[in-house]
Amino acid sequence: MSLHIKAQVKKVAFITLEGEVDSLSAREFQKEIERLAVEGPDELVLLVEKLEFISSAGLRVLIFAKQKMGTHLAVYIVKAPESVVETLEKTGLHHSFNIVDHYV
Amino acid sequence: MSLHIKAQVKKVAFITLEGEVDSLSAREFQKEIERLAVEGPDELVLLVEKLEFISSAGLRVLIFAKQKMGTHLAVYIVKAPESVVETLEKTGLHHSFNIVDHYV
Amino acid sequence: MDRITFPGTLDSLDGIRQLVKAQAQQAGLEKKPTYQLLLAIDEIATNIITHGYEAAGTEGPLDVLMELTDGQLCVTLEDEAAAFDPLKHQMPTEEFFALPLEERPIGGMGIHLTVNGVDEFRYEYAGNRNRNIFIVKTGAADAPA
Amino acid sequence: MDRITFPGTLDSLDGIRQLVKAQAQQAGLEKKPTYQLLLAIDEIATNIITHGYEAAGTEGPLDVLMELTDGQLCVTLEDEAAAFDPLKHQMPTEEFFALPLEERPIGGMGIHLTVNGVDEFRYEYAGNRNRNIFIVKTGAADAPA
């Protein structure tokens, strides 16, 4: 039995969201996305375990992120509370984002 | 309740090791580390769920990785099988590496 | 029925959520339907503020009225912006939500989430005011028999 | 007792592990002590090949002898490199392993893992050959009484 090695370096953008994203606070979220987009990340990891609320204004920022960073960009939504998952499903965004318990 | 956002971009080196690392195959492992070190990653993530064997020659490469990429470099050893964890503990390397089930 | 008046600006959203949340908790509404109700109200309130007042360059009030009757919680948002019936707006189809993001318009999710988030959603226009009405079944009768 | 001769080169390590693993499985040795035994043998075999033969610019054989007796598996590695008793080598202390990596020599783990990986480790020198002997208790008697 031999050794198989797979190696790669990725630029990963990590964003932790805690609290509530409504139309007002979505602006801060968008600003962070714009700031990170400049660095040209390969993947976007959203840590949302403590995200208590997100309205469609927040979802728009998620879509904006893909458009800004490239639609091929893999986005991971980590530890999304049930209600957040439900909203992503109702709006079809679960097709475009990886809803996971862990990034890696 | 307001929104708290934490954002950062990290260069993450991912290495998947499958199979057996002995003194012979440790050389391939070391070459990959050297190759990745050039890119100056912020963190090193070793995915070792299917690592079936690692001798001290492999552990030396781990130590080499820290010395090459900077001892401040955070190294995550993800999903290490029990025997691998035991070897890391016996050699005190669990003090210097993060032995975890998930990176994030 | 209490009427609480907020300014029709985005920084009212947080207070409106807190107000309705407190009432929903008092009504014994479960966590999930409470979340869906708050979301629906947030979506419509946002539309009133941005599409109703801001886009027209006007300002105005956003009133919240709440009524707890046997087995249901009724929340009404009232505003003085131009008449707009969300239910008359072309709703996105299933196909829309299955589109890849590149081919999909960025908006159009708010009314969809509203209508799908409450047991009943109604719109009325009366006395120069839009009335957006959200009704959820609380499952529990208001007063024990 | 079978004797299997491998060339004293690093590409023999894989075959040695497979050989010993098969024997350990036949002996009914559990997964964990089997792993520790393979590790111990790999460490000493590596030392023989690199420090014994390669460093001296010589070549030579690496013989594996295995013996399964009542309740124990005994594996012996024999080589013709210069005499070296691993047990006489200064073993790293607890303090060594607690040192931060910057302050710690990179090697010195092999003999430590060997001695700590088997129930008994012995060294003999006889007939111009190093004999490194690894003994593990299999827990099960070889033949049922």
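Read from first to last, the chains carry the letters A, B, C and D; within each, the first residue is number 1.
Criterion: a contact is a pair of C-beta atoms (placed from the backbone, for glycine too) under 8 Å apart; a residue touches a chain by one contact, two chains touch by 3 or more.
From a predicted model like this one, the values you see are computed outputs, not experimental measurements.
Engineer: Quick one: point me to the chain whose Cα centre is farthest from that of chain A.
Structural biologist: Result for the farthest chain: D.
Engineer: What are the two chains with the top count of C-beta contact pairs?
Structural biologist: Pair with the most C-beta pairs in contact: A-B.
Engineer: Roughly how many whole angstrom separate the Cα centroids of chain B and chain C?
Structural biologist: Computed from C-alpha means, the inter-chain centre distance equals 50 Å.
Engineer: Would you mind pulling out the distance in Å between where the CA atoms of chain A average out and where those of chain B do?
Structural biologist: Computed value for the inter-centroid distance: 25 Å.
Engineer: Based only on mean CA positions, could you tell me how far chain A sits from chain C in angstrom?
Structural biologist: Computed from C-alpha means, the inter-chain centre distance equals 26 Å.
Engineer: Send over the residues of chain B in touch with two or more other chains.
Structural biologist: 1-2, 20
Engineer: Could you pull out the residues of chain D that touch at least 2 other chains?
Structural biologist: 14
Engineer: Sort out for me which residues of chain C touch chain A in the complex.
Structural biologist: 10-11, 13-14, 17, 31-32, 35-36, 38-39, 42-43, 46, 49-50, 96-102, 104, 106-107, 109-110, 112-113, 116
Engineer: Which part of chain B faces chain D closely enough to touch in the complex?
Structural biologist: 20, 22-24, 53, 55-57, 59-60, 63-64, 66-67, 71, 82-83, 86-87, 90-92, 95-96
Engineer: With touch defined as at the start, can you tell me which chain B residues reach chain A in the complex?
Structural biologist: Touching chain A from chain B are residues 1-21, 25, 28-29, 32, 35-36, 39, 41, 45, 47, 52, 78, 102-104.
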